[in-house]
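Heads up, there are several structures right after this.
What follows is chain A paired twice: with chain B in the first complex and chain C in the second.
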Partner chain A sequence: MQPIIDAKDLVHEYSRRDEEGNVTGITRALDGVSMQVKQGDLIAVLGANGSGKSTFAKHLNALLTPTEGTLYVGGMECGDHTKDLDIRKTVGMVFQNPDNQIIANVVEEDVGFGPENIGVPTEEIWERVADALKTVGMYEYRLNSPNKLSGGQKQRVAIAGILAMKPKCIILDESTAMLDPGGRKAVIDTITRINKEENITVILITHYMEEVTGADYVYVMDSGKVVMEGMPRDIFARSDELEEFRLAVPEAVRVAMLLREKGIELPKDILDAGELVDAVMKLQA
Partner chain B sequence: MIRDITIGQYYQGSSLIHRLDPRLKVVGVLVYLISLFCFRYVIGFLVAGLFFALVLHLSKVPFRYVIKGLKPILFLLIFTAALNLLWTPGETIWKFGILNLTREGIYKCIFMALRLILLIIGSSMLTLTTTPNQLTDAMEHLLGPLKRFGAPVHEVAMMMSIALRFIPILLEETDKIMKAQMSRGADFESGNLMHRLHNMIPLLVPLFISATRRANELAYAMDARCYNGGAGRTKMKPLKYNPRDYKGYAVLVLYVIVLILVTRTVAI
Partner chain C sequence: MNMSIRLENVNYIYGEGSGQEKWALKNINLAIHDREFIGIVGHTGSGKSTLTQLLNGLEKPSSGTIYYNDEDIQADGYERRKLRQKVGLVFQYPEHQLFEVSVIKDVEFGPRNLGLSNLDVEKRSFDALKQVGLSDDLLDVAPFALSGGQKRRVAIAGVLAMQPEVLILDEPTAGLDPAGRTEILELLKKLHEENNITVILVSHSMDDVARYAGRILVMNQGELVLDGEPQKVFRYRDELRKIGLDVPQSTNILYELRDRGMAVGTEGITPEQAAECIADSLRRQS
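Entry: the complex of A and B
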């Protein structure tokens, strides 16, 4: 099957210019990134600030074009701007700041903004808006003003706005970074459910390791390169390397690691508090 | 205090006024605003005031909420009233130095103040009962004919609606920056005008930077959601006149006729 996202040796350079417009320096935000994503997968891209993960995300949505390398999204090549709208219909993007991506003053009108733009007939817009809001559990707020919602609720509205466009893939570009733990959990639960139930590919871009435990595959980025990739369990087992890339392993994984250092025999692939408790209980027995 | 500004804010509701076609409301407000400047007798204010009261009653927006919208222009109001009161030439009642209280001045002052008040609270009724998106749609429709001459009607309407959407966000941010700067010793309340303006710099610079950043992010978000200008767009809530809207137009015409009749016949 054709992968939904197929990136090969992607390079993106920002050039800095002085007042006369001469190029004074070039920053390589992406440096040879290759990635293949199957339809229906939940992929996590981890990285500290400035690792290039957001730049990469903007390529997938044709908001930026690669300096070098090739990128196919849903079989369409990004590069010339002829396919931009089709690419954006295929891949939806949820951004970091909930306030800066909500356009309308009423929740349902905001969710309808995307479908309006792609020319969906009126009756179908209403159906899609209702479905999308029910999926993220925000249907009863459809007549509210977004200003009165919490951060997590706003992000769920933003996700509904993308869902209503019926994309094949949703990218969350650090969409949980500005939320409190409760809001973060609500967003992650929602997106995981959408991935399972609607078979929509999800690309989760984050620097919170806790959020990637449910992912099918994890990429770790640093200085514009993919430095690690694998299943979440395998990635967490390499905690020393992760710390090198300024990423903190989840609390449970850390505790297990420290216990192992003390000579207590625990398995290396513990992911969360539940598994840690089970493993410790087994030790007792 | 800065969050008290109600101009451009939407008051959620489902009253008759809320459900009226936004085109009717825009035309209504325009007619009402123009009408305020078309009479010379105090009785006219009574008619306009009653009309406003009727709309207010039907809209179920609390009167106190509407009045709050006057707060930011209170200074302007007092200033113009005082100017008119004390510097209008005519039949002198009381004189002190250059201050000259005249009969005409008192009239003018009352007129000016009533006009301004009715103007502000009247136009705020439009934004209080109409969502920015509806407002944009109405503008786009009403100005539609200008598209033929190449005017960017859709784009301007879109810009307006986004500006309205960001008013509360930017106000909140101003409040936040103000508090942050005050906690670090900034002073926005003392000194003369020049001094105060100078003190505003640490407030305005971060506000501008953040507004630019927001604009950039919003542009990305709109792009990501396939926004591509007005062409090929459909509407979630297309504008369609209902019987109640025609009745609304009838009421509006009635108001104008009553106003003309009353101000022509009763000369108070």
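Entry: the complex of A and C
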């Protein structure tokens, strides 16, 4: 089966200009990124501020075009702008700030805005809106004003707005960064369920390590390049490298590491609190 | 003189007399002493931001009294302008408020409004940028050209240049990568230890306050529900969970082990302490 995302040697450069508009230099924000994502996978992209992960994400729904390399999204080639609308129907993006993404005065109208724009018949729009709001657990708020919602609820409404366009893939570009722990968990739980139940590909861009333990595969970016990739448990076993790229391991992994340093024999690939507790209980039995 | 902030029976009500009153703060009694490092936690809407804005006189309580060094800050003739200089407030995403053409000019903006000499303004600003660890070659750079973490440090330097006795920061690590988060928290630790500044850190992260604060205030629906040393506050796991908060992840691991029947102490609140508790328990058994 053809991958939903197929990036090969992707390069993105932009020019820096001085006050008069003269080009003073070229910045390489992406430097040879290759990535293949299977339909239905939940992929995490980790990276420090300025590592290029958001620039990469913006290519996936044709907000940016590659300077070099090739990118296919759902089999469509990005870059010549002829397929931009179809690409955006295939890949939806949720951004960081919940307050910048809501445009209507009523929740259900906000969710209906996307499908209306792509020409879905009116009756079907309302069906899609109701389904999408039920999926993200916000149906009971459908007649509310969005500005009374919490940050986490707003992000779930934004996700519903994308679901209503029936995409094959949803990108969350640091969509939990401005939320409190409760809101963050609600968004991650929602997106994980959508991934499992609707078989929608999810690309989760974040620097909260705890959020990626459930991912199928993790990419780590630094200075515009993919510098690590693998299963979450293999990535988190390489804590020295992660630190070098300004990242960290989840707290439970850190506790396990410290225990191993004390000579306690625990598996090297413990991923979360549950696995750590199980391993310690086994030792003491 | 020793700095102190005291709140007595402080209430803050939104929309008073409108029929849609909302109590943002309910009967707060609290004393903050010189050189404390305080963590304020509570979920969105718990009243923690309102509280910080009362502490530096930006908002006025609906009733009750706030004392700074035993002086009522709402009294007639009290110089609240001076108070805002003594109690510096760093808002969420403070880098959105950078506006000058260069880093140094942005930091100088505050002290320049204090009527100091040029030399004093420059010295204070330069010192503040040194304190936050920004290198000299960045002083004349435009703030927008800096990284997220650097911008935030410039914004903090702008408040430090006012030479505050108390520094209040609302979610100073939001949106930063793990290394950036640690850098900001270590900076606060340094300001607290070396410059004797009282630090009040508003945070969503129990892991961060567990590591850095000497005292934690827990807010819920406008009330101060827990107040004490981190170890003590985190003994109330069930109460914290009831109001949508939790103990640090490391502490949760210890509780989980104990619930499964292991004889392990639950007082560890950082990964280092939790590992120590587990290692101790295993050693005792062998």
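Rule of thumb we're sticking to: the second predicted complex is superposed on the first by the 285 of 285 C-alpha atoms of A that agree within 3 Å, B and C clash if a C-alpha of one lies under 4 Å from a C-alpha of the other, contacts with A are read in each partner's own complex, and residues count from 1 in each chain.
One rule holds for everything that comes next: a residue touches a chain if its C-beta (ideal position, glycine included) is under 8 Å from a C-beta of that chain, and two chains touch if they have at least 3 such contacts.
Predicted model only: the values in this text are computed from it and were never measured.
Applying the stated contact rule after C-alpha superposition, one finds that A:Pro98 touches neither chain B nor chain C.
By the touch criterion defined above, A:Gly224 lies against neither chain B nor chain C after alignment on the C-alpha atoms of chain A. In the superposition on chain A, contact of A:Ala252 is made with chain C only, not with chain B. Once chain A of one complex is fitted onto chain A of the other, the partner contacts of A:Arg88 are limited to chain B, with no touch recorded for chain C.
When the two complexes are overlaid on their common chain A, residue A:Gly74 makes contact with neither chain B nor chain C. Using the contact criterion defined above for the overlaid structures, shared-chain residue A:Pro66 touches neither chain B nor chain C, since it reaches no partner. In the superposition on chain A, no contact is made by A:Gly214 with either chain B or chain C. Comparing which residues of chain A touch chain B with which touch chain C, the overlap comprises 96.
Those residues of chain A lying in contact with chain B across their complex are 58, 61, 63, 85, 88-89, 92-93, 95-97, 99-106, 108-109, 112-122, 125-126, 129, 143-145, 147, 161-162, 165. Across the complex, chain B meets chain A through its residues 10, 12, 131-133, 161-162, 164-165, 168-169, 214, 217-218, 220-228, 232-238. Residues 43-45, 147-149, 174-180, 182, 204-205, 207, 244-246, 248-250, 252-253, 256-257, 260, 262, 271-272, 274-275, 278-279, 281-282, 285 of chain C touch chain A in their complex. Contacts from chain A toward chain C in the complex involve residues 47-50, 96, 150-151, 174, 177-178, 180-183, 207, 209-210, 243, 246-248, 250-252, 254-255, 258-259, 262, 264, 273, 276-277, 280-281, 283-284.
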